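Listed next: structures, encoded as structure tokens.
Look for subunit A in each of the two complexes below; its partner is subunit B in the first and subunit C in the second.
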Partner chain A sequence: MASLTLDKVRKTFGSVEVLKEINLAIEDGEFLVLVGPSGCGKSTLLNLIAGLETSSDGEIRIGDRVINNVHPKDRNIAMVFQSYALYPNMTVRKNITFGLEIRGVSASERDKAVDDVARLLQIENLLDRKPSQLSGGQRQRVAMGRALVRNPDIFLFDEPLSNLDAKLRVDMRTEIKKLHHRLGSTIVYVTHDQIEAMTLASRIAVMKGGILQQFDTPQHIYEKPNNMFVAGFIGSPSMNFIEAKLVDDNGKIAVTFDNNGQKVVLPLLENSPESYKSWVGKDVVFGIRPEGLTHKRTGSDKPGSQYVNFDAKVEVIEPTGADTMTVINLGGKEIVARVRPDRATNPGEMMTFSADMNQISLFDPTTELRI
Partner chain B sequence: MGASSSTESNLMASLQRNLSKIVVAPSFAASLFFVYGFIIWTAWMAFSKSRMMPVYDWAGLRQYERLWQMERWHVAIENLLIFGGLFIVICLFLGCLLAVLLDQRIRAEGVLRTIFLYPMALSFIVTGTTWKWILNPGLGLEKMMHDLGWASFKFDWLVNSDFAIYTVVIAAVWQASGFIMAMFLAALRGVDQDIIRAAYMDGASLPRIYFGIIIPSIRPVFLSAIVVLAHLAVKSFDLVIALTGGGPGYSSDLPATFMYTMAFQRNQLGISAASAMMMLATVMAIIVPYLYSELRGGKKNG
Partner chain C sequence: MADLQTYGQDSGLKHTLLRGLLYLVLILFSIYYLFPLFVMITTSLKSLTEIREGSLISLPRVVTFDAWNYAWNEACVGVECSGIKTFFWNSVQMAIPAVLISTILGALNGYALTKFRFKGANIVFAMLLFGCFVPFQVVLLPMSVTLGKLGIANSTMGLVLVHVVYGLCFTTLFFRNYYVSIPDELVKAATIDGAGFFTIFWRIILPISGPIIVVSIIWQFTQIWNDFLFGASFSSGGSAPMTVALNNIVNTTTGVKQYNVDMASALLTGLPTLLVYVLAGKYFVRGLTAGSVKG
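So, the complex of A and B:
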């Protein structure tokens, strides 16, 4: 168990800079999820921590120990690979004990360790099978067993669930979370699935193009995304972006945008940040998540309410059971609102929506950064 | 009128239906006749009294008995065992080693691969002739060493009846090991790189990763390589003809050269046919179980 620090870590392949000055620090026992679109450098970062690649610059520390030049086997790190990477010629038991055997652990200790891990992962009855005789989920468990048995300081997972079917993925996700609670180990977990990131992480690092976009707790990233990329990447369906303008509305700051010829004016709450003042009269991007845009709420007509109402024509409805996703068209853009099924109307009809002004984000349209 | 046009369209339809069969038919007939027909004819010859010309009177197993009484046939069989055994083992070893070394993502891999693979593109006659020059004591290696001043250097295997068969091994290994390397390299490239990484993180050394994990997991390729090499060994003919001509004497005869000599120089068509049948049986003994396991494996996977 140990903390992990990445200090100004860079990685170049030839002339291509794949990672640009990554700074990350997690405490002992934290669950860090690296998330981002394909090719953003997640696996590369994980490989740097594992020691499978060497960093071009910067420092990687486990606890107080700088490990840049430490051989992977001496870093006390275990990794679970996306393709499981089980040794095809060995039984499950041999797969799990291979690393111990190389480290010179005695046979009796190895047997005990395998039994413990097998019980933990419920793979006792699979120990004498070859990997080819296992299902995907079982292979996944064996791969985790191989990592667990070494009792490492840090676990690395590289998209461990992406080869499983949807149902199994959810089950394994829960199981990994339970395992983390139980062992209290430090985990770095790579995924491009933002739901996995939200559910598992104690902290999320969102990456894009080799640049760390935001590093924070899941809730904070969800509520206060640093920029439009993070806002759009985290959350499903993703955040709505509306081209808008900040105006002075009788002494109060308000967001205004065009709704098919009509002007919608949404006054901001009193407790809005001071920084909004300097943006009055300028174009902004108004970001609101689908759940911040609902059917007309009770109490929304009262003055000083956090809800502001406006009317719009319903284009499409997508019932999901719990909620009905209602698509409206604002300024040529499709906007999704999350409506209670019994309040949903049919496509083509007008409907009154409430915007929850507590859940809004404003972005600079040129830099795409949060205001 | 109506009737004739309908028969015409019937004809066209059946032509279209059977077009692929019609196209394949001539080559099918040819191989049926020239390959399988002559196999049967040879089998017949082996039971006949044929000497110089084919005759068709029944002699039972007489030709086989004579064959197995010939000292020369025993030499040929023994040579085949020596040659085949060494050829297969050395090719597997070298091919495997080269493939593992090339798999290390070294620079100039493409060039090296071509260099190693190139001998396979030569005909055995060229290989045999080249190595005949290289190994000829008066021309090649030995002469070169003498010219360089190493007067006591002696390498006369080519003209030594105890060692001539080993020169065939050298030339054949030179020719085929690159091909075996390519087979292994393809298999190694098919191995998930993450397995190597995982083993590396487990602390395994590179030799241990290869010999403990990677090579055992590409075992099927060994089987394919052995089958390819074994059938090359059994039907080796041109290489021996070009390199040693079966000599000195008949000390480097292989069954194929034995058969040729019997048929076309010694006027022993019957014995030759019998030896051909022995070779066929040997190849079948290798190929049939292999094909059987391959086809059955295919069904299991499919």
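So, the complex of A and C:
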């Protein structure tokens, strides 16, 4: 159990800079998820923490110990790999105890440790099998057992669920979360799946192109994304972006955009940030998540409501059961609204939508940063 | 429905005909390849008088192992007339260490080239690969100088060294291509578990190298056992391998030409490689194609 600090960590391969000044710090017992599209450097970052690759610059600390030049085996970390990386020639028991054996732990202690871990992961009946005789989910458990048995300071997970089928993935996700609650261990977890990131993390680090885009709690990242990339990457279906303009509407700041020849004017709420004022008269990108754009809410006509109504033609509907995703066309862009199934209309009909002005984000169209 | 049935019968007949043709071709080729072996075996089991009288392809009237016995114990190699057996042991003493050493070194090379990628690994591999294309004859002179300087010319040890050096390119190639398909994560996991370069090699990599070890052993054994040029160049007299001795028996110009003894000697010389194929042949094909298909 320990905290982890990355201080201005950089990594270059030849002339290619794959990680640019990464600063991260998590407390003991936190669950950090590194998320981003493939090639964003998240796996490289994990390998740096593991010591499988060396950083070009900066400092990595576990607790107070600088580990840049410490061999992986002396960092007191354990890692679970995407392909599980179980030793094919060894039984499950041998796989789990291999690390202990190398470290010179006595046979009786090893037996006790493997029994404890097997009970925790419910793999007692698999201990004498070879990895080839196990299903994907079972292999996953063994790989976790191999990490758990060492009782490390930090657990590293490299996309551990991406080889499992959808149902099993959700189950294992819950199991990992439970395990984290029970053990209270520090975990660094790499994934490209934003749902995994949201559900597991105590803090998420969103990465793209070797740059840390945002590092915050899941809820904060979801509600207040730093930039358009984070806004679009986190959340499914992803946030709608509408090219709009900030205007002064009778003393109130409002967002306005074109709706097939008609102008839609959405006045911002009174508690909007001061910084918006300097953007009046300029182009902005108006971001709103599908759940912020719904069927007409009751009370949305009252003055002072957080909802603003406008009409639009429905193009396509995609029922998901719980909600019906309604696609409308605003200013040449497809926009998704999340509508209660009983309020959904048929494609081609006009419908009144409510925009929840509490759930909006405004971005600078050139820098793509949050205003 | 009726149409369908005739169609079915038609294709069935065609199928049978094609099958028959296939087997006919296979049988013809088998005969073509097995016939020399048949002649060798039958001749070796005949007495010299029978060979002089009878035709080449007839079965022996009286089966006798005299020729085999003579070839093993009494045949003259040069001036020494104690049979081929001492040379058989020469070959064994040369082939077994050479095969094992070149296989182990090849495995280590392949492992280092794929799993511990050092700077210039690709160049080293390219140069090793280049070694596969160097003809035997090119290395004869430099090698004899080297052996002389090392003081192991004309010895079995010298031949072992020659075959290890020459075989290393091939064994490295085999193991390197096999290890490329083994996920790197396995080595990473073992590294984090605390295992070093050689521990990982002995405990994890080597135990899963079964098929390619068999390939390497068969390949190297066949090459080294059957080699004539190195044997003839770097050994003399009593230290010659079996292939050289066989040549000396068959090409002896004095006395009567003993075809049955020649054949028996040739069969004795070929037997070990045949045995290796029979025992490990099924792993050979499996190992050669391993890694080519993902799964």
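Rule of thumb we're sticking to: the second predicted complex is superposed on the first by the 371 of 371 C-alpha atoms of A that agree within 3 Å, B and C clash if a C-alpha of one lies under 4 Å from a C-alpha of the other, contacts with A are read in each partner's own complex, and residues count from 1 in each chain.
Please note the rule applied: contacts are C-beta pairs under 8 Å (C-beta built on N, C-alpha and C of every residue); 3 or more make two chains touch, one makes a residue touch a chain.
Worth saying up front: this structure is predicted, and the values here are computed from it rather than measured.
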{"item": "Fit or clash - subunit C, subunit B, common subunit A", "value": "clash"}
{"item": "Partner chain(s) touched by A:Val327 [first = subunit B, second = subunit C, both, neither]", "value": "neither"}
{"item": "Touched partner set for A:Ala25, first subunit B, second subunit C, both or neither", "value": "neither"}
{"item": "First, second, both or neither for A:Asn89, with subunit B first and subunit C second", "value": "both"}
{"item": "First (subunit B), second (subunit C), both or neither touched by A:Val170", "value": "neither"}
{"item": "Shared subunit A contacts, counted only where both subunit B and subunit C touch the same residue", "value": "50-52, 72-73, 77-79, 81-83, 85, 87-89, 98-99, 102-103, 146"}
{"item": "Contact set on subunit C toward subunit A in their complex", "value": "183, 185-186, 188-195, 199, 203-204, 207-208"}
{"item": "Interfacial residue positions of subunit A with respect to subunit C in the complex", "value": "50-52, 72-73, 77-79, 81-83, 85, 87-89, 98-99, 102-103, 146"}
{"item": "Parts of subunit A lying in touch with subunit B, wherever the complex brings them together", "value": "50-52, 72-73, 77-79, 81-90, 98-99, 102-103, 146, 150"}
{"item": "Residue ranges of subunit B touching subunit A (in the complex, touch as defined)", "value": "192, 194-195, 197-204, 208, 213, 216-217, 219"}
